[in-house]
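Order of writing sets the chain letters: A, B, C and D. Residues in each chain are counted from 1.
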Amino acid sequence: DYTIGVSNTVQGNGWREEMICAMRAQALVEPDVTGLIVAHRNTDSAGQLEDLNNLIEAGVDAIVLNPSNPDALNSALEAAMAAGIVVVAVDAGVTAEGAYILSNNQEEYAYLGARWLFEQIGGAGDVVYMRGIAGVSADTDRHNGFRRALAEFPNVNVVHEVFTGWQQDQGKQQMFDFLATGIPFDGVWTSGIDNVIVDAFVESGAPLVPIVGADNAGFVGQLQSVEGLAGAAVTNPGSVGGAGIALAVDILNGNAPASNVVLVDPVLWDNTTEDGRATIAAAQNPDLDPEWPVSTQIPGWTDYTLEQIIACEGPA
Amino acid sequence: MTALIRKHAWVIGLAVLLALLLALTKLIQPNFGAPGLESLARSALPFAFATAAMAVVVIVGGIDLSVASMMAVCAVTAAVLMERMAGVPALMIVLAVGLAMGLVNGALIVLTRVPDIVVTLAMLFVWEGMALLILSSPGGSVAPWLSGATRGPFLIDGLPMALVIMALAIAIVWLPIRRSKLGLAIYATGSDPLAAFRSGVAVDRTKIIAYGICGLFCAMGGLSLAALTGIGEPVPGPYLMASVAAVVLGGVVLGGGKGGLLGSIIAVFILRIIRTILTLMAIDPNVTTIVEGVIMVGVVMLGTALTLRGARR
Amino acid sequence: MTDTPLLDARGVAKSYGAVKALTGARLTVARGEIVALMGANGAGKSTFVKILTGAVRPDTGIITIAGRSARMGSPAQARRAGLVPVYQEPSLIPDLDVAANLRLCDTPVAAFVGWVADLGITGLRLTDLIADLPLATLRILDLARALASDPDVLLLDEMTAALPTDLVENVLRVVRARADLGMGVIYVSHRFTEISALCDRATVLRDGRTVGDLRIEPGVEDRAVELMLGEKIALGAREGAAISARTGTPRLAIRNLAAAPKLADVSFDLHAGEVLGVVALEGQGQDELFDVLAGFRKSTAGTLEIDGQPARFAHPSEAIAAGLTYVPGNRADALMAGRSVRENIALPFSARPRNWGPIKRKMERARTDDAIARLQIDTRAQGEVQRLSGGNQQKVTIGRWLATGVQTLLLFDPTRGIDVRTKRQIYPLVRELAEQGAAVLFYTSELAEVRLACDRAIVIFNGRVVDIIDAARADEPTLMRAAYGLTAAKGAA
Amino acid sequence: MSPTDTDTTPPLARLGRILRDNPIIPLIAFLLLLVVALEFMRPGIVMPIRAGREGLISSFWLGNLIKFAIPLAMLAACQVLTMLTAGIDLSVGVVATVAAFVCATLSSTLGVPQAVMIALATGFVVGLVNGFGVGIVRVHPLIMTLGTGLIATGCLQVYQRFTINTGTLIPPFLEWLGTGRTWGMPNGLFLFVPFAIFIIWLMRSTGFGRLLFALGSNEKAAKLSGVKSWQVLMALYALSGLIAALAGLLYLGMIRTPSLNLANPLLLPSVAAAVIGGTSIFGGRGSFAGAIIGALILRVIDTMLTLLQMPEGARTAMFGLIILAVTALYVRITGTK
């Protein structure tokens, strides 16, 4: 019988909410897990250290965390492992020796989408680059991937670079401002604030340009329904949290994987190819909260049903 | 004696509440002991400095919305400097940077005659931007002795090093000031600036100095952040609202002139241990937010009701 | 001694925007001299005092101290130069205790304690919080603090205005004694009795300009008033007010009223058409009495009947609904400093939720203009009440209730800090209100006012009514004796 | 001492006085200055323009400016009103978010009118709680509204778990208000203009408005005049909650995505807009017209900084510096605080 602790530092965004629900649902279906303690709030690395220490105090058997930073949490993680607690980082990596990492590959995420966009505009042109929150690890990783793609396309030029703060209203305002300046551009790369960008084009009546977003329900719906939109969604499943729980249970049961690091590589769904359109059509889930990624499961890792993740109930 | 108790009733009440909460923690988690206290003290460290910083400016009749941003600046400054130079001089520089930022805040308030809350709201963005300019993404590193300094017990088991550092750092800065005429001037300015001016207090200078002290405490807060995480993060943490809450909970009156640092620091521990308790009880984290809000509002309501009752009598 | 005066200020001018507070003020004080600074409300006295003590920067002006020119950059600097003020408003820090306030100005504690005792305040502890002390005590502490720093020139701006008679006497005695030892004093007051008892000389300001210097001698009052006002005004006695018949149900019937801490047992009747004076030394329970009647404080015992109906107030709004309106002693409590005269007067109109809707402008204008006219409020600076001089501010607090209509008016020292002319306007106004059917309860710290405005007066001592005196008999010695509790206690009416 | 010697004052001083008495004028001047600067920076932006590789778009920058300033100005109204009584309402961002989220999720199940009513009611209830704490228990408004904001956030977090799979629906009339345009101007003005007139009328011409100023100027004086401050404060904070909820609904129509922190980032700007517009946080002085200009100024600054190519840190810092400069200049010109 295991009690698992969860630590997460961003609250109130659809992706993170899905991650938490995936964790709860997976913990529910794992027969060996009897308790789940979730520390889930908006805070910084120091706050996450506090939560981790509290989880250690609570005597959990494993900790699954979405780290705010790869380097900042080592003291608590090392203390946890010294106490025999299994540590699994999801979504992003940690540098603590002995911790398991089950991560979405953020660098690859950005690279994949950017490369598609640059190819889409014919390898040359001007793009708008809409990032996340300045100074946050995930944003930095994605920036590296974006730059890698940019380096491969010397004729692509970034005309506007801006931080949306991963905030819908901000992204929309910024796009309106860009449209209003009249400086032409040929494509938009977003760090997941995507459907409002499409809306901004539609509402202002500006001709659509190719747009890259994430696999959020809202954007995936738009890829199918918005006339004249050429776009691509790069998967970035929040359900990686559920996979993290599964991995932790495996390790606790003595089935540790050979490597400490498991990268979940993103996939790109575009609506410009037949295959892509089929995937997108299959992924539609109009009832889902528009901010939730549609990839609610990770085959091979998670065992819960769609109903279970939506119910968002963990073990008592 | 009774007068003394009445004067410090609020602080005593807070201390009793803290003791009760500690007992409750022990009840919920019988294993809670020295390591638990240590991690409690460590997690309270940045909050305590932020709260001390906020308390000083609230006492002088102002408020500083830029504390979290200044802490971020100091944290990244420390992380960047300590990669390149010895720890001690870097530490001195960080303290000086904090002091300077505080003095700038104070000077701007005095010179522009714009209300404190507005100036520091603007400076919140300025310092936040500054932190990003110094370090555009989390990084740098901190002298190992600094990280080590906050860990483990001091002399005896169960007396966390972090607590000792916090108490010493705050006491070294604040006690001499509190005892001096500067301390009086700070309270006088907060209580009634016109009367203070007429009593010969250099009101403007006092205000600037108080903001300087605030900056100094923010530097300590930033250093403690860097020490805890081992790196510097340019994004301000949740210290602004938390410090305002702790200051008010601690009996410092918004508007100035009343209260002290001790109550505020105890309030920090109360707020921290409530989070620990809620985690130990495996309360749904969303409910945790509600509980924290209710406790904050409830305790302040209770306190206000009690003091009003007292005043009526 | 030399001929150079201790303090010499000339050509002092100060403008606040379009308002010229001072245009050409001049003043000298010699060693051991007590100079009265006189002038109607708004003449510029306070501004002058503030300039001399570094609290306000003058536009122009030359100040010399003992022959050497001095620059008053701040109150601290003035203090070092030997000029120590007691401003009209208390300048002590409310949230600090007495001892801390002394330390703030480096005041020698022993000397301070001595002066406090000498000025007749007993039971003061250095650990008392300023915010907990009554106004009169604060004024005395301010003075004691000033005296303890052993100033060359002491500047007192209407410091006796809020003091009861006994404390005023102490102040006059102490100031005289210090002056005899060589201290120069500038004494701002609207009270002729004090000025003629204390001062050697008077400098008169009118419209920001020094218009004359007078030696204090018998009969100087008329001359001073003429200089102050630029016109002749009679200092005559009260114009024949008939003492109304006190029959029928009283408007206010108070029986054995008590309120902690000071009000022990007070009974009296107040009839419509009557002005009933209240005379008491500091802290005899008069504050509590007015607070209870105004709904600010609950009584602990006794009954209150209004027109024969028992009443008890939990909030001032209930008192107002019962027709009891209150003008507090401290005008800072009554005024919205940053708002206009009109809004200040009209405030009670919208107090009740049923009046939260649209303002009836016409009605409001008519009523406020009427009140302004009746009180002759100087409305040149009417945009913000805080720009009015103290006296005009005081008038606004009364005007508020004139505008709403008066049934029972509770006046707590309404002429505090008001110049002669205005006082002469207030007494008839009070009488007129009474004759129109209002009942007025009138506490005054200036005993002479009882004869000028009241029909009779109750004297409160130790929280009890010790005497009831008809206006005809209410000369100052009689009132004073009664106020000190020197007459046998009588029952209430 | 002549009271009205206006004729002798030099013209410059007279201009100073006019500006002092009409503080809105320098604000408007500053706004225009910013717009001109923006036009210089990006020629053509203020005028109708083209976007993308080909063709004109119908979007006017001015329309967008106004569109995004409207919700900000509405939340600033909450700050202006509460600041008049020396209070503040830090729960408005959360309340707006909650209202938007509740409305979007309930519209698909309960129907639009019910959803809108419930959304407004949540704002009203939070406001009542604020009013209870501030007016009756006398908790400092900063703490009270911060606390209720926290509580409301928690409640929203709990609530959203039950609505993950209900789908969302943005009521069509909110979309029309939020995204539609009439003659190039946003339809939001159909809501905002009456709203602004109402608020200005409330502040200037009603007894309630008077009492707001009175409580902020001198609460004791108000009490002395028979005002029961708890009644006023209850009504005030309830009104503030209602306004915030209304702003949230409008914002929902504009952004069309009910996110869990949709309007939270508007909180600090709403305070800034009120203060730039000349409202004193110490109570007793304030103007909603000023706050509207303040909101427009903030939005123009936002646009300028978005379009400037500079590091994010410098951008953030610039934003702060400009806010400070505007308010300092304003204080200097009007001589107020």
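Going forward, contacts are C-beta pairs under 8 Å (C-beta built on N, C-alpha and C of every residue); 3 or more make two chains touch, one makes a residue touch a chain.
Per UniProt, the chains are B = Autoinducer 2 import system permease protein LsrD; C = Monosaccharide ABC transporter ATP-binding protein (CUT2 family); D = Monosaccharide ABC transporter membrane protein (CUT2 family).
Computed from a predicted structure; not experimentally measured.
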Enter the minimum step count from chain A to chain D; a value of 1 means the two chains touch.
-> 1
Looking at B-D and A-B, which pair shares more C-beta contacts?
-> B-D
Taking each chain's centre as the mean position of its Cα atoms, how many Å separate chain B from chain D?
-> 30
Please work out the Cα centroid separation of chain A and chain C, and write it as a whole number of Å.
-> 72
Chain A and chain B have mean C-alpha positions lying a whole-number Å distance apart equal to 34
Taking each chain's centre as the mean position of its Cα atoms, how many Å separate chain C from chain D?
-> 44
Tell me, which residues of chain D touch at least two other chains?
-> 153, 157, 161, 312-313, 316
Where chain A touches two or more other chains at once, by residue number = 11, 134
Two or more other chains are touched by the chain B residues 131-132, 136, 234, 284-286, 288-289
Chain-chain contacts as defined at top | A-B, A-D, B-C, B-D, C-D
In the complex, chain B touches chain C at residues 3, 181, 184-185, 187-188, 190-192, 194-202, 257-258
Partner chain C, residues of chain D touching it in the complex | 1-6, 9, 17, 205-208, 210-211, 213-214, 217-218, 220-228, 231, 235, 284-285
Chain B contact footprint on chain A (complex, rising order) | 11, 35-47, 49-51, 53-59, 69, 71-75, 133-137, 139-140
Interface residues, chain B side, partner chain D - complex = 108, 112-115, 117-119, 121-134, 136, 234, 241, 244-245, 248, 254, 284-294, 296-297, 300-301, 304-305, 308
List of chain D residues in touch with chain A within their complex | 42, 44-45, 49-55, 57-61, 64, 68, 153, 156-157, 160-161, 163-168, 179, 251, 254-266, 302-303, 306-307, 309, 312-313, 316
